[in-house]
Amino acid sequence: MSKGRLEAFSDGVIAIAITLLVLDIHVPSPGSHGGLAHALGEEWPSYASYATSFLTIGIIWVNHHAAIGRLRTVNHTVLFLNLVLLLFIGLLPFTTALMADYLRQSSGEGLAAAIYAGSLLAMSLAFLALQRYTLRLRPDLLREDITAAERVSIYRRSRAGVLPYVLAAALAAVSPYVTLAICAAIAVYYALPSSVSAGGDGEEGEEMAGLS
Amino acid sequence: MSKGRLEAFSDGVIAIAITLLVLDIHVPSPGSHGGLAHALGEEWPSYASYATSFLTIGIIWVNHHAAIGRLRTVNHTVLFLNLVLLLFIGLLPFTTALMADYLRQSSGEGLAAAIYAGSLLAMSLAFLALQRYTLRLRPDLLREDITAAERVSIYRRSRAGVLPYVLAAALAAVSPYVTLAICAAIAVYYALPSSVSAGGDGEEGEEMAGLS
Amino acid sequence: MSKGRLEAFSDGVIAIAITLLVLDIHVPSPGSHGGLAHALGEEWPSYASYATSFLTIGIIWVNHHAAIGRLRTVNHTVLFLNLVLLLFIGLLPFTTALMADYLRQSSGEGLAAAIYAGSLLAMSLAFLALQRYTLRLRPDLLREDITAAERVSIYRRSRAGVLPYVLAAALAAVSPYVTLAICAAIAVYYALPSSVSAGGDGEEGEEMAGLS
Amino acid sequence: MSKGRLEAFSDGVIAIAITLLVLDIHVPSPGSHGGLAHALGEEWPSYASYATSFLTIGIIWVNHHAAIGRLRTVNHTVLFLNLVLLLFIGLLPFTTALMADYLRQSSGEGLAAAIYAGSLLAMSLAFLALQRYTLRLRPDLLREDITAAERVSIYRRSRAGVLPYVLAAALAAVSPYVTLAICAAIAVYYALPSSVSAGGDGEEGEEMAGLS
């Protein structure tokens, strides 16, 4: 199994998951009470969740490439950890729909939000496991030009990227709106070019700092 | 992040979005009033929207390649602007279904048409933002064989490609049929080979002039 | 636009269309009359249509590659004709579902079968148009090692591949079962390795003779 | 048809099938009896089936690459056998949903489980057919560095990989839970890195031993 094939397959799964998100946005039935404008307005959690999940998957895609790009070769464990990561990315269309459908309900909304943030947390933990394995346990799998200092720094950032999702999941007990707002803020913060301006917005596409 | 990976991922999302459009065409329930021929006839807005959106996404795909092909390298801002473009392309299966389901209704049809044209407008504005960034703000990201005159001319065409969608969205207030007809006309005009005959239909696949 | 990108995008659309076919097979509602075995048995048109459409798209994929592989370069017309071909391939999950849902009905079954065969006919006509353009009108787009005699012979086979679908569509007036049987027979005939045994089953993957 | 295109297309179909699995997990209707937690808990067969099928398809993907990677060239029969394999992989979102929907029913659950295990069996038999053709009947299609001893050993493992699914399908008559448990155990066993520790977890991504 070459790195190239691993990337191509992962790209495929990520591209499909990101595009399936749109299936969670429903066309209101014609003739529904209050008219189309009202019905579409009621669906705002779907739009917010779509944008949040879309950006988040986009960021994980960027960082996934950076992670695989650092590798010199892949072994069975990398394949397995990558498959687990894809499994959680593949779940996002479901947890996004769950969040969108329950956000404005008076029952179950906290649980739905916790599951949504939890699925993002699971995804970032799966990514962290992949990073930990290659950066700390098996640096021999990495390209030779990656220094020990770089490995420490990349892994530290990866670990930090997990924390906001812990917070988002925990605060679902307070309000699902808070959870969605945190998840959206994380996505926008890391996706926005300005967020890496400190890093110089250099060419060659450095990683989006979050989730990495 | 190499150009190649950016193209491959974008191709994936665009190919999936264009293929998901078919899910908006529903098989009539057997035994529906008036027979299958009547039921299928009633669904003509679905077929017209499918063809319009399919051709439009096909054109944006061609032009996306031309735009990325001009780049020498990509940076974080390009990744971000590309992600926003993909986000709006990914929305089209939803807005296409909305248009198709409401076109013949007596309520909401104008709003649905405005949203449909608006989503195409948003897609072309996202593409324009990507063009503006690379052609005007950061020409250093472009390949060196692209002259300043070419940059001006390509950007001017991109800007002009936005206007028909402004018109299509505005005329939704008059009639949703007018909106769909304009969007369809734009797609056919730019997709048809004859439309670039002035440009010689040269080999090497020059851009489809619209939306570019 | 390079040949490679055209192939990659077309591959994507074809792979998605072929995989979306499974969405047409429905899980019977638990507790339906007669039990699961009965309910699944009633759905045999879905399985037959799935297999038929899957093999047919698989064959068109093989032949699409052969056709693009013959090209030296692509122009706007090739892009357009290819987009029209993809548009009809993208419709197959709909027409396959239509066929499967109506085959055993007492009303609309002939029309549904005619539309199914008609969509396969439209797909093969779109492919024929692409073949005609490159093989007859613009042989300068082809690789230089393709002789005039080869061009004539390939085009003749392409034209012949259209006829069985004309027959299948026409016989829908007699019986939808006949239509499905013809479409299935075409798919199996061209997909089965034995069908090209006369050609030697050579290496290097010569075309599947049908639809080409 | 080059090996590369065959792999790219197969990758596409496999990536889509694996990602469509999520469509089988349904968001409970708000306001359902017993609350969201209860409703989600009732859906555990969906989660178990999702994970099982996801891992299984992931393993078949790895082994598919190993199989194609051994080839020097492809012929029509390889294309055909590969298409049949993809046809069964494409069916898994349906059989997975069938299993998940019926597992806890009091009627049809055995049949649904048998069909699920049967579809995995069909997939592994299709893979075995591909292996048999290239390893035993047409070793001239293989790369020259693959020895006769290797061919025998790889084929033997492939044949052994089929047996557990025969068992899983047969035991559906006893209990659908047993069937799902066996299928899940197979997936976890072969996916887990530890399972190949005997083989050294070497670099260069040797095959996942199962299903191969």
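By written order: A, B, C and D. Residues from 1 in each chain.
Keep in mind that, in the parts below, a contact is a pair of C-beta atoms (placed from the backbone, for glycine too) under 8 Å apart; a residue touches a chain by one contact, two chains touch by 3 or more.
All of these numbers come straight from a predicted model, not from anything done at the bench.
Shared contact partners of chain B and chain C are absent. Note on chain placement: the centre of chain A and the centre of chain B lie 26 Å apart, centres being C-alpha means.
Rounded to whole angstrom, the centroid-to-centroid distance between chain A and chain C, based on C-alpha atoms, equals 37 Å.
Across the assembly, chain D contributes 8, 12, 16, 20, 23 as residues in contact with two or more other chains. Taken together, the touching pairs link the chains into one ring where each has two partners.
Taken together, the chain D residues at the contact with chain A in this complex read 7-8, 11-12, 14-16, 18-23, 25, 27, 30-31, 35-37, 40, 50-51, 54-55, 58, 61-62, 65-66, 191-193, 196, 201-206, 208. Residues 1-2, 5, 8-9, 12-13, 16-17, 20, 23, 73-80, 83, 86-87, 90-91, 93-94, 97-98, 101-102, 105, 107-108, 111-112, 115, 141 of chain D are the ones touching chain C in the complex.
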